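Below is the structure I would like to discuss, written out as structure tokens.
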């Protein structure tokens, strides 16, 4: 069989060498535990600078689920509801984590074109709520996933329009940034534009899929919720005693745009791949805005691609999911397209 | 000021080079996410072999609090109580984590000499319980901390006696092994002797303080609770997508006794330090069984030691806490004792 | 204005004189607290006899929400999901109660004709689940509301078909019987036929809307879950110390078919009302199986009916909700129809 | 055997005729559900008048456990601790209810003479806390039980001193008033003096043991926490749809001092009983301030009293608990003392 090419998930990718190096450096010597170290102090400076906000504070965690669920529990009262797209990771793939940490808060998944929320759909949902009636969970947070789990990306304007609707109802705004760097690159915007500049109050930074060693972070712009996050993380077991191993990576990640360069590679590889697929008239299910594509190739072609060593997920109905990462090269893409050609013509 | 010497906490120590190397190796290439990788498979083999139990299963997590609280929530019903020593980390230092994950389960801290539980104290407590009365939280788990938070160590026989009492009441048995390697070394026993051989059903492996990069693990011997742990960890955000970064370290940790060699160094350093302090007639508050000592030196001496660059915690009343780690050398101990001599005679 | 006629809700109705009398009798003398009294013993006998099951056990509670949420928390693990119709009270009107008591368990509301679940819809949902994958809440309980919140009633055969689907997936079966007596009367069946005879394992008895003084009950047929319910109710504050005040009512309720006679009155009144509305060609939104009707009369007619003293809820779009209770007489229905005639012709 | 005389518990007493009458009157006719009725409006007026506070709001519930646990969950963050006496009902007898509703908040039981908290003990505990350190549950509420579970009563001055200590640390103040009427009578004070006048912000009214039909209430003086209580009660299943059945009783209870007359009877009976026991040189374990006495009579005497038809609880060590209620007459007390005479001299 030909060499395997990894397109299953950016979660299957390895660690970025720059981040491994930062971690190894932090592993020397000793330092105060639980965040009282220099690397963690440097991380706070880095987020304030990169996100251009004086109150930005980062809380390193081990997973995107932790980042989302603990942040949401700090934004949503137990009797509240969190409004998101019906394909959102927090609704579909996190096994009720936000409900558990949130004391039974509920999540409402709404439909929406291109796997994104749209103001009219959100407003329709909110208009149907019995506000102030304790029989009904009260919408308290809007959570946007950007890029979505289908690889589509909100523009800053789209985020802004949605958080405006939410703010008009007294709701808070959260962004699941599991692939945030890819979204920033896709929008060619400043990180601030897609976050606090667009009304987002708390978000997850999402470094794991982009090369970090099991290190994501909650970033909050609101000093008032930071206390809550601090206590909630500790009792969730999400405060690493040797926090500098996480912080040092995140400092390297955010410094000199490394995070955007890493994401740039995966976006570029995917753009080339999607372009190639379109040229071959392969049907793509959603706009390819970042590093994911869903291609309807049919089960026969999918079988052949598997036989040819391509690694991907099958979504049913002849649709395959292709995900690039910072490790995917343009040479990989060329080879993928050669195998696609072969599979299509056999 | 003289060079600082780190005795604050083994949580202040860095990463063991062997584990950093294992992590770096795992960071290359790609692998299936969420534990579907070769390193995680190897980890399962390693725990089965090292702990000599066919059903042993390891679940990597990011902190000891996570390891304890999630394991306890899988052993204790929401209406249960967890019985431990009144100085136990789960009771004093984890901010109600086990109560949160356990749906409101409560923890009862009992007194006991040498900072350890003793069968008579436990039996007295259990005799006073209204068993089967729903007005009262039902004792459901005994949790032993070994070494204790004051550095004292249970022998396998002591653990066995306590778990027998618990089992006689239908309770489960858990061990907080945040420094388990130090306890195994102190007992010069097999790892199995101190765990399932002594009636422990689930424990935390505790690699973090002993050189791992933010990686502890729950180890369970009971297939029936593994499902519960699997689901609970995921919704707690405690399943790292790139689990191999954790698993590879733990494989290296458990292979060829590395974990015991690392702990051996810290125990040996502490033994030399305690011996030196006793020779200088410094009062030690508790038996020095592992890598911690609590020395009553008086506030003046403590001030001088701080001035001389010794890093330690002050517990009030002129008592200082000294903790060695795998990084502490016998040369360090010699230098510490020289500074103690100087501080005592000034 | 003419005399008001109450059609807003059976929750607006008063107490049945027979139940008030039973309560007053129980209020004399003294008796052991927390269910150790003769009335509670008699209640257990009554549920075993009426529901024809040797293990039936009743747990009095103060509300239907309590009955549903605590029962569901005893059937569903924290990582489970509860499958119900998208109009179910537990999904729409109980503010996340089952999620709170269930440690973050989630509820999935499915569509279905006539406001009822149907086996094909349930199977389609269950086919789409990633069974055994901890990223996804695992369907663990099916919960049927009978009558539904729109007044439609499942037949024993329909219940049986749905619980069979659930049992085939290892799920438990729960019935929200807030108006169970109305459903039994509507089906002209034995109470056993609609509950354990149709695969239901735990249900709420639903006496409140049918004349009881703030007294509903969980009834369980499974000894294995009774312990869980016992502890859960106590720590939920749902065990009345003077339980006999509740038990005495429920004994009277279940004795000699009083509960079915009371529900018979409301069903009979509604049948007459619906018949009258149909004769007047008023559009009814759903089959009128029990004691509720949703009539599309238009906003003008609704205004006039309000002016004429009819008490009802407006659902939007010119639709009004009409609910009869054990207090509604056929004379009341005659008068309602006279006012409808007047409103339609004005 | 002679006629039984009830001294086990005021929870074994029946219903006060005045409250049964109020309930029966409320059971007629129809009224808006969920508190939109005239009786509930009248209740709000009654608590504002009786407790002399413009913001007093009452929330009827079915049990003292519900009243305590839901109120505490509205006052205490999930990472907080609730400080109370080690014999407090919330700590010993409510099976972790406050921890469950409080999202894993913990309860710390402190020792204290006469089964009451004292400022010095509380201050010592609070001085030992690591304030602001997320590893440690943060003391957030002081909860006083008045009368205590051993029948001792705080004076307004004692309550005030304790709530001052708490307020000085930023903590809230709660009172478990399961027998509040007995405490008000014992202090011969205004209800306001023992509650908001002494710094209490939220308390339970405690009507159940004093003659109500399974109806207690949370009373809050703080508009800011009322929203939280409103939502928390609903999703706890603690909002009775036919709330007027509860409200009507509580209006009657608070009107014209009925609650204090009922409690006066039980206090008076207990005072006579305690006086008689002291004359007979029976050792009483605690000051008899309200309607409870703990008498060390020895097991032989206890056996004889049981044989003679006295109903009471045995606490171990020859100690018996005697509790009077509004149903206990002075004639009952005379008969009890006759049987005591007989038992002591046999």
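By written order: A, B, C and D. Residues from 1 in each chain.
As a working rule, contacts are C-beta pairs under 8 Å (C-beta built on N, C-alpha and C of every residue); 3 or more make two chains touch, one makes a residue touch a chain.
The structure displayed is predicted, hence computed values, not measured ones.
Visitor: Among all chains, whose Cα centre is located farthest from the one for subunit C?
Guide: With centres defined by C-alpha atoms, farthest from subunit C sits B.
Visitor: Matching residue numbers in more than half of the contact pairs is the bar here; say which of C-D, A-B or B-D clears it relative to A-C.
Guide: B-D
Visitor: Just how far, in Å, is the C-alpha centre of subunit B from the one of subunit A?
Guide: 34
Visitor: Whole-Å distance, subunit B centre to subunit D centre, using C-alpha means?
Guide: Here the centre of subunit D sits 42 Å away from the centre of subunit B.
Visitor: Hey, how far is the Cα centre of subunit B from the one of subunit C, in Å?
Guide: 51
Visitor: At least two other chains touched by the same residue of subunit B: list those residues.
Guide: Residue numbers touching two or more other chains: 34, 78-79, 94-97, 100, 103-104, 134-135, 231, 234-235, 239.
Visitor: In the complex, go through subunit D and note every residue touching subunit B.
Guide: 78-79, 81, 92-97, 99-107, 134-137
Visitor: Can you list the subunit A residues touching subunit D in their complex?
Guide: On the subunit A side, the touching residues are 34, 77-79, 103-104, 134-135, 138, 228, 230-235, 239.
Visitor: Per the contact definition, I'd like the list of subunit A residues that touch subunit B in the complex.
Guide: So the residues of subunit A in touch with subunit B come to 6, 8-9, 11-15, 20, 23-24, 26-34, 61-70, 94-97, 100, 208-209, 213-214, 231, 234-242, 245-246, 311, 325, 327.
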